[in-house]
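Heads up, the next two complexes both have subunit A, just with different partners, subunit B and then subunit C.
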Partner chain A sequence: MTQLALVIDLNVCVGCHACVTSCKEWNTSGWAGPMPDERAYDADPSGVFFNRVQTYEIGVFPNTETLHFPKSCLHCEDPPCVPVCPTGASYKREDNGVVLVDYDKCIGCKYCSWACPYGAREFDEQGKVMKKCTLCIDRITDMTLPESERKPACVLACPTSARIYGDVHDPGSEASQAIREQGGYQLMPEWGTEPANHYLPRRKIRMHIHEDELVRADNPLSKEGVELPFDQGETLDDVAW
Partner chain B sequence: MHPAFSVIFLTTLIGVGQGLFLALYTGQVYTLAKLLPAQDSVSFYAFGGLLALLFLIGGLLASFFHLGHPERAWRAASQWRTSWLSREVIVLPVFMFLVALYAVIHFLGWTMPLFVIADTLAVDLTLIIGFLASIAAFALFISTAMIYACLKFLQEWHSPLTVANYTLLGIASGFMLAAAFSAYTDVDLVVFFGVWAVIFTLMGFITRAASLIRNKQLRHKFNLKSAIGVRHSQMTQKAQGFMGGSFNTREFFHGKSKALVQLVKYTFLLLVFVVPVLLVGASYALESSTLPIFAFVAQYLGLMVERWYFFADAKHPQNLYYQSMS
Partner chain C sequence: MKKMHYRELWCSSPRYWGGLSLLGFIILIGLGAAFYMEHSGHYVTGMSNQIVWGLPHVFAIFLIVAASGALNVASIGSVFGGPMYKPLGPFSSLLAIGLLAGGLMVLVLDLGRADRLIVAMTSYNFKSIFTWNIFLYSGFFVIVGAYLWTMLDRKVERFKRPVGFAAFFWRLALTTGTGSIFGFLVAREAYDAAVLAPMFIIMSFSYGLAFFILTLISAFWWSGRTLGDVRLAKLKNLLGVFVGSVMYFALVYYLTNLYITQHHGVERFILLEGGIYTIMLWVGQILVGGVIPLFLLYSPAFATSRTAVSTASLLVLIGGFFQLYVIVIGGQAYPMSLFPGKEVIQSAFFDGVVASYVPSLPEALLGFGGIAVSMTLVAVGARMLLVLPETLEDPTDECP
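Here is the complex of A and B:
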């Protein structure tokens, strides 16, 4: 069975919100739209988004690190939002595992949002139905698009390629490979929802300089410690004498 | 969680309706066993059934205010295999229909025994319909409570105590109303219903207090570490992705101070448990016919406050992602 999903590389995400705006731009006018904004230019604006980029500070100053954290529906393999829906409006597609809402069946009771531990669903106050990330189902299933564009809008927009899209059940896919080889993990695994979306952790690259790399152990004259009569420039190796 | 008034009205009103019906039917069964004097079919059972029905209708109307598309509510009956909400949507009208039937049969006086079991138990139509309605009443209590109790992420609700509380508090308020109704219509059952109302109120106190203690000692399974997948003991949110509000910041936060929530807790403990029991006791001592009515009103108001607290008390794991605005 196919399970389409996103793999988000937190090591690469710079928090530019390009995925957020491209998501809104595509989906508000597409199959899943509209995503209405309310009081957009007033004191208390509010709006429907399928994707948010949040920012966390890890550690205490001065030893801090900034984490940009894109958050959207994780298209769980065992989605808790689906069985609680009284009308069957909330469903998981059999063929590709995408969790969707049928707006024509939704009665707007919001029960599915209570059942989602990730807060991935947002209620449309104007359409009075529940909305959520569709993984751009209208793009990824549109066979008239060239294959390179058959991807979610957020993936196409990401300037740093922090978002990898693919079938996480296919062990050969780029997404599966990234999860396997770069420590992909799921959010809140303790609930057993089996999120299909995975995150790649921040990977710190540190340079280790050992003592014997600074002092040339193979230099028979041990000239490093000797006071020289003139300035040697940046490194000893550049000098021929 | 943000308490929704439509749901507060729904759960408390149908609780009273279910409890009142169970009280009436208990009275009828006691009469059958000749433990209580027989009551008039029309003025007691038919009007009592009508009163229960009015509460159920009130609850049903309130529930529609919770829906974005009430005109599609009929669709909610389709997923009874998996959804407790769907089961409630089916059981509630079935129960209302049976209560209406019970009241109508009593009103028409069709209470001639259909058959007699072992020469002592005369079974009439109302006894059969009432029995079915009683099953429906309990099924409804379970369905309503399981809507909340089945959500494992909301650990404050995910407990058998939730079902016990909804059932016992509903029955207690219904018996309280039965006592008030008896007092108002000058029927000699005030003491009978009053005593049972106090018993159920005290039982409800035990289970509600148990759930309060449980929730106070609750250790939440979720934390920011697993929410964002970073292992560090010192992490703070600096931005949640937007500067204004959103559905996530409104639906899952009650936005009230800790002190107010505490005040609400003590208010409902007083109104649901202490005041009605004292008023019923006083009405027995003073032989007053108005105090049971006050007891019911106090308990009903208390139950609304209790339901508000029930929602405010539950902490949704999604709130981890919405801790800081800027």
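Here is the complex of A and C:
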């Protein structure tokens, strides 16, 4: 079975929130919308977001680092939100593994929100139904779009390509390759929900600069002991053609 | 044995209609609050994506749990053959139906889409404990309704015992189902414990009986009928046993969680550092809902005091409400751990930090509206049906 998902590279994410805004823009006017806000420009704003970027400062000064952690529905392979839904409004698509909510069947009991261990569910306080990331199902299944655009809005918007989209069951996909080769991991695999979305770990990059890299050992000028500045005579720059 | 006569609940018209009008007014306010919340969206409530079930759900679960317990008196009479309880059976059934109706009204009106109740009644996912509860709740009305019928109509009296058995087992299943809503939850650390199902059953015994005692005393006072001391003492002692059992199950529940290292954090939160939830647990649930009622029920100083029994019943209900508040809201307030082993100090979107919940007035009004619905149904039912004996004087020829 195809299992579409996102692979998010935490090493590359710079926390710019482009994925958040593009998600909101696309989905609020699309199939999954609206995504209403309350007090959007006021104190204590609130609203529906399918994708949120949490920024954590890790450690204690001076040994701190910043982590940007984008979180949305992980489209679990064994999603705990689906069996608990009394009306069957929460379901997993068999053709591509995307977990969705049928808004016409949702009665707003919020029991799925209780069951999701990742806190990925978002209650639409105006529509009074439960919503969540759809992986832009109306984009990725729209055959009228060119293939390069048949991707979730967040993936297209990410300036650093921190979000890789693809079939994680296809070993040849870019997503599977990234998971396999760059240590992709699931969020809290101990729940047994088998989240389809994966994260690529932050990778520490340390540069070691040796002294001889600062002072050229093979500097031809120093070898010949020429004192600077020296008269170079006529150069090509002085030639009038 | 002296023949027992039942009569409708008659009292002076101003007293009856005045009481009913007051209940009607509370219901109207509750419905108005529900409409306000429905019209404005859940923004006007204290609920959020972290605390998804708020005060109305506490009221709803409280009434539903109490409903199944209220039937206990009837079950003792017909299933276990307790002669002292038999005359109380019809009223017990009526109260059970009334409490369940009130609880369900709050539950349904607190749903995001109460208008889609028909979807919930026609589209089922049988893997969901919620779906099972829909059947358990509707079935309860049918079975207890039939049970009441067998107790009121001599023509079908021969079915009383089998239907009584069915009602007894159904009510056990119902409370198991309600407890399992939480017991089956693995995502939140405060739950995921099989003991929650039997704990809800014993909680139902306690709350239901407390409701029963209060409404029985009120009804008899309302209509100026006699309620004997021996019968009340029976109910009083039974309530004491149930209150003690609830405390025992609460102890087992918390000890079970304390045994599991993974749950130490949530237990520390609820038992020690949870602020309002910790206070509600120790002062509300344990002291007000447990220790003081036990003292009032068992102290020789209050052996024949009806005020003590009524106060103890009221305190059991208040303590029970706090118990459910701690279970439902406290369990949600404790954060889900996204990064096991890490402590999240601050989070812009509430991940990993304790969620705050301040119940709003409309939520409370809807809850009180549910209680008023229950009491109205009981008052109207008792007025129209022969559920209350003319007198409950202490028997002279029955085994006490």
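Operating definition for what follows: the second predicted complex is superposed on the first by the 203 of 241 C-alpha atoms of A that agree within 3 Å, B and C clash if a C-alpha of one lies under 4 Å from a C-alpha of the other, contacts with A are read in each partner's own complex, and residues count from 1 in each chain.
Convention: a residue touches a chain if its C-beta (ideal position, glycine included) is under 8 Å from a C-beta of that chain, and two chains touch if they have at least 3 such contacts.
Nothing here was measured: the structure is a model prediction, and the numbers come from that model.
Novice: Applying the touch criterion given at the start, work out whether A:30 contacts subunit B, subunit C, both or neither, answering first, second, both or neither.
Specialist: Touch status of A:30: no partner.
Novice: Is A:185 touching anything from subunit B or subunit C once the two structures are fitted on A? First, second, both or neither.
Specialist: first
Novice: In the superposed arrangement, does subunit B or subunit C reach more residues of subunit A?
Specialist: Comparing subunit B with subunit C, the partner touching more subunit A residues is B.
Novice: Which partner chains sit in contact with A:83 here, subunit B, subunit C, both or neither? Use first/second/both/neither.
Specialist: Both subunit B and subunit C are touched by A:83.
Novice: Where on subunit A do the contacts from subunit B and from subunit C line up?
Specialist: In the superposed arrangement, which is not itself an observed complex, subunit A uses residues 46, 52, 54-56, 71, 80, 83-88, 105-111, 113-119, 121-123, 125, 127-129, 187-188, 190-191 for both subunit B and subunit C.
Novice: Which residues of subunit A touch subunit C in their complex?
Specialist: 36, 38, 46, 52, 54-56, 71, 80, 83-88, 104-111, 113-119, 121-123, 125-130, 187-188, 190-191
Novice: If we count contacts the way the header does, which residues on subunit C are in touch with subunit A in the complex?
Specialist: It is residues 38, 41-43, 47-50, 52-53, 111-113, 116-117, 119-120, 123-125, 127-131, 134, 181, 184-188, 332, 336, 338, 340, 344, 347-349, 351 of subunit C that touch subunit A.
Novice: So in the complex, which bits of subunit B are touching subunit A?
Specialist: The touching residues are 1, 66-70, 72-73, 75-79, 82-86, 89, 147, 150-154, 221-222, 224, 226-230, 232, 234-248, 251-252, 316-319, 321-322.
Novice: Please output the residues of subunit A touching subunit B within their complex, sorted ascending.
Specialist: 17, 20, 39, 44-49, 52-60, 66-67, 69, 71, 80, 82-89, 105-111, 113-119, 121-123, 125, 127-129, 185-191, 199, 201-202
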